[in-house]
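Multiple structures follow.
Two complexes are shown next, each including chain A; its partner changes from chain B in the first to chain C in the second.
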Partner chain A sequence: MSDAATSVPSAGGNLTRKQAALGLVCFSVLLTALQYAGLLPAWLHRLPETAVPNFALWLDAIFNFVKDDMGLLTLTRFLTGGLEWLLDASGNIFFGKRRWPNVGPIPWTALAAVAAVIGYYLGGWRLALLGGGTLVWTALIGQWEIAMQTMSVLAIAAPLAFVIGLSLGIAAWKYAWVDFVIKPVLSVLQTLPFFTYLLPAVIFFKVGPTAGAVATTIYAIPPMILMTTLGLQKVSPEVVEAGKMSGCSKFQMLRHVYLPSARTEILVGVNQVIMLCLAMVVLTAFIGMPGLGAKLLAMMGSFKLGRSFEIGVTIVLLAVMLDRMSKAWVVKQPEHFERGTPWWKRHQMLLLGAGLFVGFTLLSLVLPIAAEIGRKQDFSQGRELDAMIKGFLAIESVQAVTGFLRAFLNVKVLIPFRDFMLSLPTPAMIALVVAFAMALAGRKQALYALIFFSLVALSGWWDRAIITLYSVVSAVTLAALIGLPIAIVAARSQKWSVRVLLICDTAQTFPSFVYLIPAIMLFGITDIAVIFSILIFAMVPLMRYTIEGLRTVPPEMTEAADMSGATRMQKLWNVQLPLALPTMAIGFNQAIMFAFFMVIIAAFIGTQDLGQELQRTLAGTDLGKNFVLGICVSLMALTFDLTIMKWAADKKRALGLP
Partner chain B sequence: MKKMTTALTAGALAFMPLAAFAEDSTDPIVIPIHNWSSQIVMSNVVGQILESRGNNVEFVTTDSQAVYESVRLGDVTLEMEVWEGAFGASFRAAMEKGGIVDVGDHDAVTREDWWYPMWTKEACPGLPAWEALNACAAIFATAETGDKGRYLDGPVDWLKHGQERVAALGMDFVVVNAGSAAALWAEIGAAEAEKKPIVVFNWTPNFAEAVWPGEFVEFPEWVDGCDKDPAVGPNPDALYDCGNPATGYMKKAAWEGMEAKWPGAYAVLEKISFTNPQIAQMAKLVDIDEMEPNEAAEEWLANNKEIWEPWVK
Partner chain C sequence: MSTEAPVISCKNVWKIFGKNPETFLKSIDPGMSFDDIREAGYIAGVRDVSMDVHKGEMLVIMGLSGSGKSTLVRCFSRLHDITGGTIAVEGQDIMSLPEKELIDLRRSKMGMVFQSFGLLPHRTVLENVAFPLEMRGQDKHTRRERALEVVKLVGLEGREDYFPRELSGGQQQRVGIARSLAIEPDIWFLDEPFSALDPLIRKEMQDEFLRLQQLLNKTIVFITHDFDEALRLADRIAIMKDGAVEQCDTPDQIVLHPATEYVRKFTEDIDKARVVHAGVLADPKATGTGDPIDARTTVHAMARMLVNDQRELIPVTKAGSIIGAMPRQAALDILLGGEA
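On to the complex of A and B.
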């Protein structure tokens, strides 16, 4: 019903919405003025301690009941057994863990050759070079074993996420009630801070690769579900008719009609699964994921910047390789051969790969260096990189800039802004957020905003929640100020768009932990360092969607502008930006979601927000509190998500864009 | 919870034939690894000692706070470094819930307190006395702290009470909490470039001693009850008006079922005890000589047979 009201925005309806928003803003200004004048009673400024219900305690009780009395722990521990068996087997194959089937590890040369052949099959020489080159780099830099430890877990987690995601996606497409249940769960899952998954994963699935695999899988499932449902919904009725006419059974319809038709979307889902799995490599090291992430944490713990940087490069290369290969797979259509083509010709790539694999495996038996490169034979440049990073920081102009930023941005802008946000009375702040939702989206979203932020206030963590919000708002604002102009300029030419997007890809997959340290070295343990590290992450979607939005503006529109003699600036401001705005808003929304994700990680720099408290709960005694804090972050993020997405959808419809 | 661990132990016992009671189970002993070098090497050393007597050993990387829950559940078998200061609280909380046992102390003592790298002394020659530190508070000032000095404390969850001490002793310092050990190193590393005076939270034994020579600030000596009784210490009205104890414990901890399941390995674990210089040596092999932890452990074991062989007999 609300949909109908907003899709055809009558002048009157729109006005009252704006009036309501304005009224709410006035209300909060009034409250704040009273507060500053010292007239506001204390219970209106902050919820009194006594009124805060003890959610943490209740959650603990529920959790213990489900875990012990309902036997959930027994069930998950049973599942852990099976998962562990799988992980042990892949561990043996990839890095020679002493378990069944006792055949591994595969020599690095053999794997690199196979990666090159797969690359060639999917995308020619360039991908062959990328595939083979990445693995050769990994071996030469001395990270082969840890990289394979990581891959051994991902090789189980990614297919698991694929299978579960595909099944749930099919179920959600088939049965409306599944869709109805899954949607909100997915939204919460996507906004829940990572530290909240950590403890349950450890308790239910045993610290180690098992917990790491489970946390990775859960994190990677949502896009798979969404893409599957999307793909199946788009299957054209003609194809379905054809299937029905040839008398397909229900299962045959799914297997031979629906799934092949939705191939593209499903493969995009696979690509997303792979990328999200790689994004978790470092974070899951906290709960026992072996390999690159664990090594990275150890390197950072002993201040070895150079070597942690190299590990970061390896993770990026692996991500780029898998990303490009899976994307090439999306584009590549199934091959069809003429009748009578000999078997070897139809499978020549398979044969080539198998041949090289066997060849290099045999070679490694006589030539040990083809099997494994030891620590002393590698080409790591850790120390040199350390010296370079320190040298850069010691340059006087760099120090002058950071000194200025600290004295100006931090002392004059950020800290006063934070203090101001903290000084707002709780109801005033809630009213502001509700007004924002009301003005942008509508009554329904405003109601959600009211409920969600009131819950945050009830949780008793209001001040910390506000500091979290302050970091997010400041970082996203700065990211927009820096990222949007770059994106607008880059969008003018195809060449620069591609370059900037490549940088975005790299920044996104580069483990965020690695830039925490340089951020601290540049800015000290201050709000700037926190915001700087969030900013890098938040800028990526902003730039990506802006470029995408500007470049997909229909050419008729820009031609029309050219013909009516618009200058470049006029064209940009009056035609391109307004049309790109809905897409840009999606980027903006993503930036906010990323910022909420990263602000929690920034607790490692030193913050006073929800992330710091979450980090404190890691000792494992406060599961209830851990959950309350996580939900607080999730509720704030969801408020923005619902509001901005609704606005973007409305705007798109109004502009008649697809 | 208690019931479940007992059940687990009982289950573990039931699986073993009675005759094998004196022998260790062939299941792997799971040793946790955290993100600082001495602990990683020490765990590898202990792992290799246990392997040398026929045990099956596996390593798992975990968070150093979350590990206590895993030890309690028996997912992780033992923990080699329980620091009084940093992990005492988590350890005690886990002890209260049950499932974890204290397997005795190392000879090594730990100290955690305000610390400065040597170059700071040039700017503030009266160090290491805390009064002298307070007198030169201004040289530790940053853009955010105005004319007060900045003291960089450890992460809040380490519960170091820097704030309380500054108040109790009336010091001109602002306390800022770093979020992680890595953040502390980054600050010291950044200060090193221009030899800027800096005072931070630090501890020993630690790799940092080898990279940045430095000293602890001497506060009024720790007296028992300084954290509970305001009358103790120089300020009669405040808690935490003393330095931290200069000799904190470093314990070994184990899952409560370990003794029954791997009696031999448990007996070895009880005997194992490292000293401060030995721990520093292990850390050096990785941090300065850039060895991989397992190679460092091999090297250490080869050079120190006289120390560890008696533990195995």
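On to the complex of A and C.
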């Protein structure tokens, strides 16, 4: 009864929605046809320069007002003092910066031993090997100092992001108005390109580690807030009531009931904080943060592929180590000891770690190699690797393949596509995007698309924005063409699903910067390398969610299809894919978000899009322009995010999936 | 029992969920049914309930899911604020208590057991049991002593250092019971404590519960959706439907004289002989001859005697003195289902 009542108007709504979308498409086709016929007035093709409001100038004025007249700069410079002191202290401990407390650097052997013990405590021998092995590798390959420069910032930024995220998460959970304010800010923050974090950090917190730490911290806060709120909301009402009946005061409730019960979500948040911090701290090389990122940037810049590769491996190992360890911590449950277990047995891991730490520290006093691996003592094979890679690329057949790909994709596909997108009149392009939002999601999302893309047009960076969009669209399309078939095939068997998922999960922990290495290796510094790096980066979520979607199709349904005599293909097309589609859409969405993120980083290779301009602003103090560019990217990303997520949610509800 | 003031006394209690329950309650028409209220966009959790709980009594609130029984008991402890009416606990209107005094009341007088246990997953058995004591600021040594004592009482000795996830459902609920008893409450709320357990364990836990009650003699409000459980445990049963109490009486009376059609349907399939006692059937004006029987004997227990004995009236004794005589035919009717 109620079903029939609701389905009738919604069917009617669908019809008009589709008609509206179709109308918009026709409108843009018409405009484009006029443009090609040379009949379209120039002001309809592109917004004339004179009509572009100078947002950058206005923003600059606002920033200057906030910065100087309201005294924000004095405040942040004051905060800088405290942060700088913390960074110096951790710098001293990790790599021997000559500052208080003047104890460091900790010998690499001692740290590696502690990492192995922590790994063993959290997840047995495998994690012990991963923890100890990663640090041993880092030391032996001769990257200990730069790695520790990176870790010393991480050691400050991650706890800071954790504390701030946790507090804001609690506040958002407790007070509806905080939640109301924070929600939109978070969704913008999560789509804002990282370059936009960097410049304000530089201006308010000076160039170098301090600004890097601030940008890193801010970047890592949003997921912590979300996970905290989620965890607190999920605490079972009976546990809450049990707390109340035990006579907890409000603070006792939070401290003893809510926070411990939300442990899992909070620790997942910690995992995300650590991973985002690592990804960002590598990227802060762009604003002069020393460490792995800076070294990688320098090596790639001078095309030293062997060394780049080695640094890439270090970064990946560190990422995997931190990820696995923090994830193991999430699932680690407290264990009880039998009565009468002696004290040393209860704390044996702690004692072992401390013992090894002291032991290796003492050893390093007599054996210098245990403290630090000198310049000529490392096992770096940079030059040899370099020669190998270059030799491999010089092999005729390899060169033929990459050369063909480069030529074919560039000449036949990418450049024509880009030129076509650029040739579209601005209103036609906007109409297409609005039609897309209208058809998939509805009026509200279409309105957002209209506003967001109109703002991009008004910003005066339309052509560059379109090039950005072109990179994203072509990379995601290629990623789908390659990734979807692999995922569909893998999803057929349990074994391969697990394997591919494991690869995807691992790949997802890599800091995005690392993806540039194979792209540059294979394609040099070209457009194709940009597309290629985005492509592999975007393929990860696509494959992951496709497999997940296909594997979680309820078995009754596939069995029903089998019993109806469906062939494999019929089953795939008629049962599995339709049911997996909402989940796959989430993967698509993530792929697009990742692509927007990566396209900006790829500016490093040399592109002509917004990222390039953004990167340029870093050199100066163009805060206004930096923000305009960043917000352009954010607005385009948000349009897709809102539309696709709404579609996925609608579809899920319609299919009755959880 | 009835001469003392009731421990919990509630009058015309309403609990309405929705946007503006207070204003809605003022506009409410007394004859409005549950469905009428839902039509208006509100859910009536508790509808105009008045009842008393006496000292040392075990009141079982019984009803199907969604009948408002859990809501009602949460109103007693002010886990829910009521929309209308008054609830007095030991003469004190709990709705007027400031937060601090409410917390004190819970810390000193009330204990509650939950359907899915509500244990804190990060604390050991002992720490869970000691939790209420910790909250009221008792020092570590005394709360440990007390917690060990209660853990022993519920039969979990030797598992003090286990974590909840390492225990079976029945054991977890023993922890829940121990925790609710740790502060030596006067009033004990149990919200479907055994519903999440397997039938065999459930029986065992009911026995355990009766044993504890004999030891401690608390005032108890017990919630269940299982009529057999209610009959087994209750001094009085309140049957709820759509937020209202349909009937609140002793098990015998509910079985013998159901107040509404709904209650009658509930009691239909019950073996009345196992519920009704001699004392209820005794006519105080009549006098019998021969050997008396105890008032607490169920009809089922005296079945053989009823069939073999030829007396019309059998005297009934309560605490050693004769309170009247039971017509044998009445007892036989209950045993055999009356004349059909």
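The rule is simple: the second predicted complex is superposed on the first by the 614 of 658 C-alpha atoms of A that agree within 3 Å, B and C clash if a C-alpha of one lies under 4 Å from a C-alpha of the other, contacts with A are read in each partner's own complex, and residues count from 1 in each chain.
Note that a residue touches a chain if its C-beta (ideal position, glycine included) is under 8 Å from a C-beta of that chain, and two chains touch if they have at least 3 such contacts.
Everything numeric here is computed off the predicted structure, so don't read it as measured data.
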Touched partner set for A:411, first chain B, second chain C, both or neither: first
Which superposed partner A:382 touches (first chain B, second chain C, both, neither): first
Chain B versus chain C as contact partner of A:334, first or second or both or neither: second
Residues of chain A touched, compared between chain B and chain C (which is higher): B
Overlap of chain C and chain B interfaces on chain A (superposed complexes): none
Of all residues in chain B, those that touch chain A in their complex: 1, 3-4, 30, 32-37, 40, 60-63, 65-70, 73, 75-76, 89-90, 93-94, 97, 142-144, 152, 155-157, 176-183, 185-187, 189-190, 192-194, 207, 211, 286-287, 290-292, 295
Touching residues on chain A, where the partner in the complex is chain C: 236, 238-239, 241-249, 252, 256-257, 260-261, 263, 333-339
Residues of chain C touching chain A in the complex: 74, 77, 79, 103-104, 106-107, 110-112, 114-124, 131-132, 134-136, 160-163, 165-166, 176, 179-180, 183, 189
Chain A residues touching chain B - in the complex, by the definition given at the top: 64, 68, 73, 198-199, 202-203, 206-209, 285-290, 294, 297-298, 300-303, 375, 382-383, 390, 393-394, 399, 403, 406-407, 410-411, 415, 516-518, 520-522, 524-526, 602-608, 612, 615-616, 618-621
